[in-house]
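Several structures are given next for inspection.
Note that subunit A is present in both complexes that follow, paired respectively with subunit B and with subunit C.
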Partner chain A sequence: MAAEANNAKPTFLSPPQEGKKPIVSLRGITKRFPGVIALDHIDLDIYPGTVHALLGENGAGKSTLVKVLYGIYTPDEGEIIINGRPTRLTSPADAINMGIVMVSQSPQIIDTLTVAENIILGLEKYNHFVPVTKVYKTIREESKRVGIKIDPGIEVWRLSYTQKQLVEILRAILLGAKVLLLDEAITYLPIEEKQRFYKFIRRFADEGGTVVLITHKIYEAMDVADKITVLRRGKVAGHLDRKEATIEKIRALMFGERSAEITYERLPTAQPEPKTILEVKDLWVMGDFGGYAVQGVSLEVKKGEVLGIAGVAGNGQKELIQAIMRLRPVMKGRIIYNGEDITRKTTYYLRVNGVGYIPDLPAKYGVSIENSIIENIAVLPVYSRGIINWDKIRELTLKLIKEFEIKTPSPDTPVKFLSGGNIMKVLVARELTVATNLLVAYNPTRALDEATAIKVRKIIKEKVLKNKVSAIIASEDLDEIFQISDRIAVMNSGKIVGVFPADKAKREEIEHLMVM
Partner chain B sequence: MVIVRRVKPLPYWIIPIIALLAGIAISVIILYVLMGASPAAVLSAIVYGFTRPGVVAKTFVALTIVGIALLVSFKGSIWNIGGEGQITFGLMAATWVALFTALPYINPGLAQVSMILLAMVAGGIWALLAALPRAYLGLDEVPVTLIMNYIAYYIVDILVRGPWLGKHVYNYIRTDTIPAQVMFPQVPGTTMTWDGLFLLIILFVGVWYLLRNTSIGLRIRILGNNPNLLRSSGISVPLMIIVALTISGFIAGSVGALYLGGDVYRISYPVEAHTANYGYTGILVAWLSMLELIAVPIAAYIVSALYTAGIQYQILVGGHLGQLLTAGSAIVDVFIGSILLMYTILITISEYKIKIIVKR
Partner chain C sequence: MFESIASFIVGVSAIFLAYYLAAVGHGLMEKSGVLNLAIDGVFTLGVAIAFAVSVYTFSVPLATFIAMIVAALFGLMLAFITTKLPISHGAAGLSTMFLGYGLAALVGLPARQLQINGRSLATIQPSLGGTWIWFYVVAFVVAIGIWYLVEKTKIGAAIRAAGENPASAEALGVNVLAVRLFASGVGYALIGIGAAVFELAYTQVWSQGAGMGYGWIAFAISLSAGRHPILILISAMIFAALDKYRFLIAATYNLPPDVGKMLPFVAAIAAMIIFMVTPLKRKLAPPKSLGKIYFREERTV
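What follows is the complex of A and B.
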């Protein structure tokens, strides 16, 4: 369609000088949704040359705030002042014209196009009739500068989640971003990429760029940010400078008295029974692009214990978990659940026999965002056969909403209207309820805020200790692995390279095995 | 050229209304330019169509049922374009009951019910045949169901020219007329039948209950939104595809029985030239309803009013009876085509942006 006028973009970036005028100011920004005030008179100044972290519990309003800045939502009240001028942003195109670009947690790029084609889509200066190959050079140069390796000619569907996120960020930079809005965009990258990225962000800011960073990893925010703003229930709970920020202060602002519950101490070790609940024998499973992603894995989970699987993303954990859930064919080997060989059985068999499943990428595999919370719970075969007893499911839903503090106007609200973390809570709450015998999970606290993540781990551990439920939990978060596991298996290149009792495991040794 | 999803779609309920108004406006222009039709005459025909519920009733009942049928599969993102074939199969099954069994002479009431039920089973089987390759081979259901419409016509044509050719038809190629006792009784003052009215009510309530209160209904809706959730819940996605499409064909099939028992009373060769095209017009009804069950009758009323308007226009300008059918339906096609086109364009620009990139 018509190109947005390619008129001179305001070049408002003077060299970075502390104490200068803000590049973006929000005054009294208010945004209401049916039944909630997502943003309640927010005042915020963001200065050029800074990394500005935006923290807050699930549903605090962080995503809504950056969506306002990116022109996706129009505020009901208040003023956005960009470079000293009151500005109306009515679409992302407006924001991009002002040099504001957002990258979110889920990649938005188009699978059927190549990396270069995706990038050129947004670039007005290359539109419309410049051959794609012309931009290859630019892409290569720029990606080198950012410190990532990417082949511009590759089709996006072949890329991993990590690579897709890198393309998103590269695209934002090539769009000429002066202000980068990162909404949990790098939270789930593997450690190595993440660190490289934080370095880049730092450099970007030192060269005069501005970054608004949303993350639930408070330590990371404290490491990289110059300023920290904490949101709570749609209001600004406090602005902090790097120098004055301590973890206690931040947590207190984020969670109030709930912050006292936050601890990374290991949860009590379980005393498993001798009975084996899940056994995997010499398992071979294909990856998405050919080749074996799981190569001869054998492991065992006893009744009433948590087996944690540590590993860097993309080392076969996803395929292993999916094979156990019978969502991916087994090429060789056997899976035994509760004494029954399930290698040829269906997911249905597991689901009606006490197995709960938390997949990676919840919005893609674990919930249907167009459907309501209550429908997302009712869908499981254990809850609905033939005619649905809505009264019973409503009762259960209300109980879960309360127990997991899911922020929603009602159980009938479509899941897409919930915040990222609250979507995850719907999934986790549902699956913990059906996991009466075994929980199979991959990153079970992804997108949850610290307090909720720890609470979920406690609930899992309690079920393991009290009800003798078993759990196999793969996670890329070592803190999580250490906190919840009774035994830790390390997965690397499709193989289990070591199994340790968690109370004796050394963190350095496990980290070493993960990247070896 | 690529199509990109808008980050911010337009509010959705506006679209059918604009599409309707713009579609009518465009139709008036097309009819004026191409056929010299006076806009005033066209508009007064439209007013006539909208203000004669009794006249509109027969078309309204058929289109509502087809709309409901398609809605069931569309809810599951299964695009059943085969309503026409399923109706034709229903027509065939109902004809068999009426002409080739003794039932009409033994128990006319039971015969009428059997005509409808068997028509539904036939429509369901026809849809099932399209559902199997879709479910297990991933074959796109749109071309498959579309092609199966023509196969259905063809099968019925063979029957009508051969074994089913009537004994009292002079030189016409058609079946005999069905016995009077299985001609569906009319609701006085309207063009619809009691059978049609009851069926409509039963199907509307039934589908409402299905979608709302049964696990099948919930799963069809989730199939349309995120089949991955079904997979991870342990529910077979191929099975749900089959169920959605088969139910859709099952409901659509009943319209074949209504068409026979309440409208044409026999099948004339070639059947494709004598169809009311409800299977295709029903697609417009389903879309205009925005896949909300409550809106299906509303959309069906609007479309059937326009349908009636097309025919009324011909009467107003005084065409011969022979021209009337063909020209009348041509005008209907202009209306329906314009609205569907406007609808498609509006939906597309409200949800997608088109961008151009050059490969190589």
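What follows is the complex of A and C.
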């Protein structure tokens, strides 16, 4: 029956692989949400033994598509055909039974449960009343095989982001996944883990597994994928085979005209003024689990310059940024902002004095997802002291929605209904507006598509050049660091291990210092 | 103050067990994320049912069984409507509470009439033949059983997952509805048994409104012990003692009787503070999604 469906409309699908039948086919899949058509009659064939990249700008429908495949959303129209059979997936448990497992950008595993408890929840072969310790052995064995060190009895809140993602992937393997759906799951892993995982994905596919890979890193997709499907505004913009895929073709499909704006050239170097806006002196800050995450860091940001902080995730950047924002206690050392010692001052003080802040994990710490876009903007102390002028805020919100091309049915839509990248855009747009003196950011273009990421960098640089705003930007993305920074500081194991003028810095040297 | 330790232990055994079962059942249900504001109504109904069935059939086991079944049905209903529909847990719980009060009067009054006309009521006497020992044994066995179930088994992990983050739990392969039905059904079954013990072993009388307010005390006991099956033993004991002896305490220290009535609640707050300053607080923290409407098609970032 599926074969018939296949023969019926093969025209615009990429040619099937030699003799193989698709493991998953979508026919006319449509999913509407109030005010948007997230998926508009999607046709797609996914073949076993392939890595199939799913690309598209923010809000294109990528996450919605994999959530349909994982049984989280039920499509309004269309048919899902698995192994040649039309199948209804009404819950993730259904999908897991069919060998389909999703890993998303934000770990789904639950903090208060142990690793083993999280994993056993999806394992059908264990009945409900078995003790969880029954899976310990399997977990230990399998994790050794994949090359992950993990204690099955540890509670998840003790794990770092990277470790959580590793557990998610381990879980997928233990569930016997035949189709792995990776929704930006590896995008934010440190370089080394990332490479390990790309290797793992390749091997998994070569052994007959199937991977659907969502990423905004187009080069990575081109490297690892056998097939590429580009979504645009809920429709398939095109299917490409590895051989025919070029970066230009992909970008054109993804962004249309906007693709012409994409460039990784260094943005113009700023001419900073002599005045120091931010100074950090011999700073010591604790990490989450005891021990110093920041160990004697000193640095300076001049008026009208961008200081980029390069480093592999987990080397103290997060704690440094939080300490500067007064969100983490300083054990020793001083922070001086605008000539004033702020070591004992509050975040509020910074927020009403021209500091914008883009935190790590934006959906958790940057916006309140239950509230609307307007409310998320009005909440900043610069707007909400005394009586809120809602007319003004609405005007500002509408302006930001337009400027940042935030895809939303209305400014009153709760943020949780936006796509991952569009949530980030709300945060970035708001913070760039309030950063009239200093921007403090950690991965400011996280989750943004290429075109938007570059646009955000351009806006930041323009503010630095024109309005003499200063910025300290920590990022795990070296392309970003090189494109936007005027000076680059490299952070490793809680220390600054080198500072370079960006126009003279050598990439190899910086990469070396990062992993040294 | 007490005639002797022994008579104290025997004296509080019935109310202790009643409180314990209701509190632990309540805690089990809430662990799965369903806010339980119906407890007092269903407890009151359970008391009336136990009384009525005992009057009609003169059978303690049958009275307990029917109270348990009816309560469990209420638990299933609450879990179903709060998980399947985007309905506020508070509204569903409170309406059910009033429904419980109303039904309790409806069920209890005819039986009371029969009793006035001379029909007698089957009861259990804790002090007779060492029955009270069994009350403690039951409490401890249930405590260990529920603790093991919640903390050590797969379904326990599923219950906690559903209470922490139902959307993530679902993505991990949990059937949130099924798990909440299970936790609430079993939880309310325990509440129903607790109500029967309250009526048949503790008060042994019935008038309209009997049991009202005791459900809330069970609620407070569970809350003060962080819904932990073992710690609830301690809280339940404190509350049982205060309930049994509050007037005695008030009289001994020459306190107004209203202060006596307040004592259990002061104890609840004190217990809560004590538990929360210990390293146990992570285990005892309320489920993150307790009472939150869970609508499956909604995004979790």
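We take it that the second predicted complex is superposed on the first by the 492 of 516 C-alpha atoms of A that agree within 3 Å, B and C clash if a C-alpha of one lies under 4 Å from a C-alpha of the other, contacts with A are read in each partner's own complex, and residues count from 1 in each chain.
The working rule: contacts are C-beta pairs under 8 Å (C-beta built on N, C-alpha and C of every residue); 3 or more make two chains touch, one makes a residue touch a chain.
In this text the structure is predicted, and so the values were computed from the model without any measurement.
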Room on subunit A for both subunit B and subunit C (clash or fit): clash
Contacts of A:F417 with subunit B and subunit C, given as first, second, both or neither: second
Subunit B versus subunit C as contact partner of A:I72, first or second or both or neither: both
Subunit B versus subunit C as contact partner of A:S368, first or second or both or neither: first
From 5-13, 41-49, 167-175 or 239-247, the subunit B stretch with C-alpha clashes against subunit C: 5-13
Overlapping contact positions on subunit A, where the subunit C interface meets the subunit B interface: 72, 91-92, 110, 113, 117, 120-121, 127-133, 364, 369
In the complex with subunit C, residue positions of subunit A that touch it: 70, 72-74, 91-93, 96, 102, 106, 108-113, 117-118, 120-123, 126-133, 171, 175, 363-364, 369, 416-417, 420, 423
Contact set on subunit B toward subunit A in their complex: 2, 4, 7-8, 213-215, 218-219, 221-222, 225-226, 228-236, 353-360
Residues on subunit C engaged by subunit A in the complex (per definition of touch): 149, 152-158, 160-161, 164-165, 168-175, 282, 285, 288, 296-301
Touch list for subunit A against partner subunit B, complex: 1, 72, 91-92, 110, 113, 117, 120-121, 127-133, 325, 327, 346-352, 357, 359, 364-371, 375-376, 378-381, 384-388, 390
